[in-house]
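Each of the next two complexes has subunit A plus one more chain, namely subunit B in the first and subunit C in the second.
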Partner chain A sequence: MAYKPQYGPGTSIVAANRRKQMDPTHKLEKVRDVTDEDIVLILGHRAPGSAYPTAHPPLAEQQEPDCPIRKIVAPTEGAKAGDRVRYIQFADSMFNAPSQPYQRTYAEMYRFRGIDPGTLSGRQIVECRERDLEQYSKLLIETEMFEPSLVSCRGATVHGHSLRLAEDGMMFDMLQRCILGADGIVRYVKDQIGEPLDREVAVGKPMGDEWVKAHSTIFHSLVGVAYRDDAEYIEYIQRIHALRTKYGFMPKE
Partner chain B sequence: MGKIERSQKLFLNALKEKFQGEDPESVKTAFYNFNGVRQSPRKREFMAEAKGIEMKRGISMYDPEHCHLGGIPMGQRQLMTYQVSGTDVFVEGDDLHFVNNSAMQQMWDDIRRTVIVGMDLAHATLQKRLGKEVTPETINEYLHILNHAMPGAAVVQEHMVETHPGLVDDCFVKVFTGDDEMADGIEPQFLIDIEKLFPADKAEVLKKQVGKSMYQAIHIPTIVSRTCDGGTTSRWSAMQIGMSFIAAYRMCAGEAAVADLSFAAKHAGVIQMASHLPARRARGPNEPGGIKFGLFSDIIQADRTHPKDPAKASLEVVGAGTMLFDQIWLGSYMSGGVGFTQYATAAYTDNILDEFTYYGMDYIKDKYGVDYTHPDPAKIVKPTQEVVNDIASEVNLNAMEQYEQYPTMMEDHFGGSQRAGVMAAACGLSCSIATGNSNAGLNGWYLSMLMHKEGWSRLGFFGYDLQDQCGSANSLSMEPDRGLMGELRGPNYPNYAMNVGHQGEYAAIVGAAHYGRGDAYSFQPLVKITFADPSLKFDFAEPRREFAKGAIREFMPAGERSLIIPAR
Partner chain C sequence: MLSPTTAEKYLNEVVKVPGIRRMVVNGPSLPAVVPYGPARGKPNPNSNRRTIKVGNADMELRVQVGTIVFEVEDTSVIEKIREVSNEFFKDINFPCQVQEGKFMKTSPTLADYCKYGPDADESVIGLIDPKKKDGPIIIQGIR
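For the complex of A and B:
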C-alpha cells in the first residue's frame, strides 16, 4: 500500500492551513512579485549579477566515487554547480504570521530538496546550495507563507516574534531592517543580516487582519483560533504522548 | 479537562509595574524611543564604572553604545525590571546574574562547602580499638576542638600557620541525632535540634531515619571551597576531623590504631552533596552536575517552613534550582557567558510560574478533590496516564491562553525556552502534587512540551528538539540507559545534561511529589536536617527572598577578603 501523508490532525482553519502549506500538491497562492535581483539583495550573500561562489568544482568536472546513494539521488542544480551552502532565516510574529517555525520546516521538507532546516522559537533557518536557496526564497517570500509586517528575514538579532506589535502594526526589529512607508508599502532598507542596502526593496503591503486570520497557522485565543477549540488536535497530541510513554518509539495499540 | 474559574492573576502586579501606563492586555505599543541602553539605571552605572576603570588601567572595557551590533545598543524596546516571585522586590535583570548577586553565590558556596560525616564508626573504633570512653562530655569537648580546627587552626603541633578567624567566620560544625537522650547531652551551640526546627510529624520521621546514630554537619570555609573546588570539602574536613580526634581523645599521632580511626572517622561515613562526574565532565564530588534531584529538593527547606503549601515549597526549589543548574552549572561551568540568566530568571520572576502552578492546584482540587493545603498520602490520585494527560493538558492550555490574553506577559517571556520551561514546570508540579509520584510529574512535563510545540509551532532552542520530544518515552521507564525514578536523576542524566531551562524544574517536580504527600523528606533525610540549620549564611527556606536581597545589595555573604586587602 502506498504511503499517503496526512500532514497533521485538526478540524480548525489553523489545522487546514498547516496541511495546505505542507502538501506539495497544493499550489501556494502567489500574493506579490519580488524580482530575482531583490531576493538576492535581501539575502545579502552575493552582489546581484555576480557569479555564484563555489565550494567545489561542478560535479561533472570532478571524479565522483562509486556510491550507490549518489546513483539514486539526483543532485540539485546548486549541488551540480558546486555552489556554497547559504541560508535564509525568518522571524514570524505570534500574532498570526502565516507561517511559524516548525510549520516552515515541515512545509520545506515536503516541498524542497537538498535542504537543512533549523527550528527555534523565534526564528527558523533553512540552508542549502545558493542557487537553490534563491529559488526557494522567492517562493517563501512571494506566496501566502509571507506577510510583510509579520514575517521578516533576519540573519541575526531576530528578537521580536513574541513582542507586541509596533503602533504601525510592524513586528519589532531592533535593527529595523524593513520599514512601513507612508504609501503603505513595506520596504527592506537593510539585508537580512542588517547591512544597509544601496536601494530599498519593496515587499508589498501588509495583508490586513482578516487575511492573516484566515491564513494563520498558529493557535491564538486572543487574535485567532483557540487551541482548546480544536479538540481533535488536542486528542491527537495526548494519543502520541501516551503511546510514546507506553511503547517508546514503537507504538502499538 | 475543562477550564476552571480563577480570578486572581498573580502576575498582574508585575506586568503593571514593568509596563507602567500601559494596558497589560494591549496588542500594540511604541518601540525605538527608549534612549537605548541609557534607559536602565544599572546600565548607566556600569558605563560610569567602566569609564573609571578604563582611565585607571588604560584598557578599554564596557562600551555598549559602540560594541553592541556595530553601534545599535540594546534598549530599542523597554529594558524591563523584574519582580522576584514570592516577594515585593523589583530588580533589574542584571542584578540576577550570579556575578552581580552575592546571595546566589552564597547559596552555591553553602552547598559546595558542606559534607556530612557519620560519627558512629569513629566512636566504635575509639571504644573498641583504642579503649577510650565516649560520653556526651567527650563529644562536646571534641566539637569544641573541631570548631576551633575546622576553620583552619592547629590542635596538635608546634609552630603552625593558621587562618584568620575573620576570613573563615562562616565555618562551623554541628551534630544531629535521632536519640533524644543523646541530643539532650549535646551543648545547644553544637546541636541541630530536629524537634525545634521541624513540624512534629516530620521530626518524628526524621529522627526515626537517623536513629541512634550521630552525624556531623560540616561547613568548611567559603573561601577555601572557592579557591579550590567541591572535591576539597571532604578532604579539608577529613584533615581537621582527624586532628581533632587526636587532640580530644589524647591519642598518639603515630600509632597504627590511629590509622583505623582515621579511616573510620574521616572517610567511612562521608556523605557528599554531589557525586563525582565522569572524566568527560572533569568535576569532582560536591560540584553541581552531581547533585541528584531528590537530594537538591531536600536541600531546599520551604516544605519545612510551609508544610501546608507544597506549591510554594516547589516554587522555591524551581528558583534555587534554575539559579544553580542553569545560571551556574550549565551557564558557567559548562558554557560561559551571560545568556543563561535570561532563561533561568523567567521561572522565578513576575509570579508567572506561580500563577500557572496555583491554577493547577485549583484544578486538582476542583476535578479530583485533592486539597493541596492539606498534604496527605491517603488523599492523592492514582498516577494513571489518563490523570496525567488530563492535568497536564488543562494546566498547559491555561498557561498558553494566559500568554495569549496578556501580550505583555508574552513580551516578558520573550523567548520560547522561557515559556516552555515555565509551562512544563507548572504541568509537572501539578501532576506531581496531585499524584505524589515524581515520574508522573515528569511525564506531565513532556506532554506539555508536545502540546506547546504543536500549538504554537515552536518550542525552545535546538536542544529542546532532543530532550523534550523524546521525553515521553523515558519518563516512566526504569530500564537502564532509558529511565530512572526522578529522585535519582540529576543534571548529568542522559538527555538532561545539555539543556538550560529544565534541571531546576525537574528537581522541583521531584520534590513536589513528596511535598504533596506531606513527606518529611524526598530522598536523603540527613541532608534535609543539615540544611535546616539557621546558622548557615544562606536561608534555604526562602531562596527567592535571599536572591532578592542579593539583588538589592542587602545580603551579607561569607568569604570576603576585605581584612587582608587595602581599604577602598
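For the complex of A and C:
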C-alpha cells in the first residue's frame, strides 16, 4: 500500500487547519490581492522594477563540478539566475493568528523548494533566493496563512506576538509598520525593517473574530480551542513524550 | 492595550478619585528613534506616541498604555478606582481588570541610591526608570 502522509493528529478545527496548511496538494484559500510590486515594497530588499542583484553568475554560464547530487536536483529559478539569498520574517499573535512559527516552517518545508527556515518562539524567518522569495511571500501574504491585524511582516523589532491586542484589534508593533485606517483597511507604511515606504501598501481588512477562530492553528484555552479538548492530539503527544523519554532504554511498543 | 485618546479619557476620569498618591503608566515601549535593527537611529513615527493632558499636566506617552499602577492612601480608594474603571470600560466594551497588591517599589534600591543618593525622596522611588533624566509628572489641583 502506498504511503499517504497524515501531516498531523487531532480531531479539532485547529488540527484540521494545521493539516490543510501543511498538505501541498491542498490549495490554500486566497483571501486578498497584493500585487508583486507591493510584495517587493514590503520586503524592502530591492527597489521595485530594478534588476535582481546576483551573488554569482547564472548556472548556465559557469562551470559546475561533476556532482551526482547536482544532476538529481533541479535548481530553482532563483538559484539558476544566481540571485542573492534574502528573507521574509513573520510575527504571529498568540490570539488566534492563522499560523505560528512551527506551523509555518512545517508548511513551507512541504510546499516550497530551496528554503532555509528559522523557527523562533515569536517569529519565523524564511531565507531563499530573492526571485523565489517573492513568489513564496506572495502566497504567504495572499492566502489564509495571513491576517492583516494578527500577522505582520517584521524583519527586525518583532516584539508583540504575546502581548494583548490593541483596542482596534491590531497586534502591538513598536515600529507601527502597518496602520488600521478609518476605512478598516490595514496599510503598511514601513517595510519589514521599519524604513518608511514611498507609498502605502494595502493588505486588506482584518478578517473578523469568526473567520479567525475558524482558521486558527493555535490552541488557546481562553480565546479559542483548548489543547485538552483534542483527545487525539493529547494521546499523540503523550506517546511521543513517552517514547522520547524511554529512548535510551530501547522501548518496544 | 489602549489608544492614547482612550488612555487620556480614562486617566482623566480616574485622577478625580481622591486618595491616589502616585501612579505609573506602563506598557510596551514606543521609542522616538528605532533602537536596533538595520533601521537603527531612524525616526520612528508612531500615532500611539503623543502628548496627552491628564488633569492640569501634559504627559508625554512613551509606551502604549497597557497597565496602570496606582499607589493609594487607603483600601477604600481601591474600591472607588474599581468602580470608575468598570464603569469606563463597560461603556467602551473593553475588558479591564483591577488587581490589588504591591506593584511599586517602596524602599530605595541600589539603582535609586546611585541616582538620588542616601536621602532619596520616597515619593519618587519606583516611579521612573533610574536611567531616565527627567523626573515624574505632578498632577494637582483636580479635587
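Just so we're on the same page, the second predicted complex is superposed on the first by the 245 of 253 C-alpha atoms of A that agree within 3 Å, B and C clash if a C-alpha of one lies under 4 Å from a C-alpha of the other, contacts with A are read in each partner's own complex, and residues count from 1 in each chain.
Rule of thumb we're sticking to: contacts are C-beta pairs under 8 Å (C-beta built on N, C-alpha and C of every residue); 3 or more make two chains touch, one makes a residue touch a chain.
Bear in mind that the values here come from a model prediction, so they are computed numbers and not experimental data.
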| task | Superpose on subunit A as described above, then tell me if subunit B and subunit C fit or clash. | result | clash
| query | So, A:Thr11: does it touch subunit B (first), subunit C (second), both, or neither? | reply | neither
| request: Figure out whether A:Ile179 sits in contact with subunit B (first) or subunit C (second), or with both, or with neither. | output: second
| By residue count, is subunit A touched more by subunit B or by subunit C? | B
| Touching A:Thr35 in the superposition: subunit B (first), subunit C (second), both, neither? | neither
| Counting only touches as set out at the top, which of subunit B and subunit C does A:Ala166 meet: first, second, both, neither? | both
| query | Of the partners subunit B and subunit C, which touch A:Gly194 in the superposed model: first, second, both, neither? | reply | both
| Which of the two partners, first being subunit B and second being subunit C, lies in contact with A:Tyr102: first, second, both, or neither? | first
| task | Have a look at where A:Thr157 lands relative to subunit B and subunit C in the superposition and call it first, second, both or neither. | result | both
| query | Of all the subunit A residues, which ones make contact with subunit B and with subunit C? | reply | 157, 159, 163-167, 172, 174-176, 194
| task | Using the touch definition up top, name the residues of subunit A that touch subunit B in the complex. | result | 18, 94-95, 100-103, 118-122, 157, 159, 161-167, 169, 172, 174-176, 194, 217-223, 226-228, 233-234, 237-238, 240-242, 244-246, 248-249
| message | Which stretch or stretches of subunit C touch subunit A in the complex? | response | 1-3, 6, 28-31, 34-39, 42, 44-48, 64, 66, 94
| field | Residues of subunit A that touch subunit C when the two form their complex | value | 155-157, 159-160, 163-168, 172, 174-176, 179, 193-196
| field | In the complex with subunit A, residue positions of subunit B that touch it | value | 1, 3, 26-32, 69-70, 72, 74, 76-77, 385, 389, 393, 397, 400-401, 404-405, 407-408, 410-411, 413-417, 419-420, 443, 446-447, 450-451, 453-462, 465, 470, 472-473, 475-477, 482
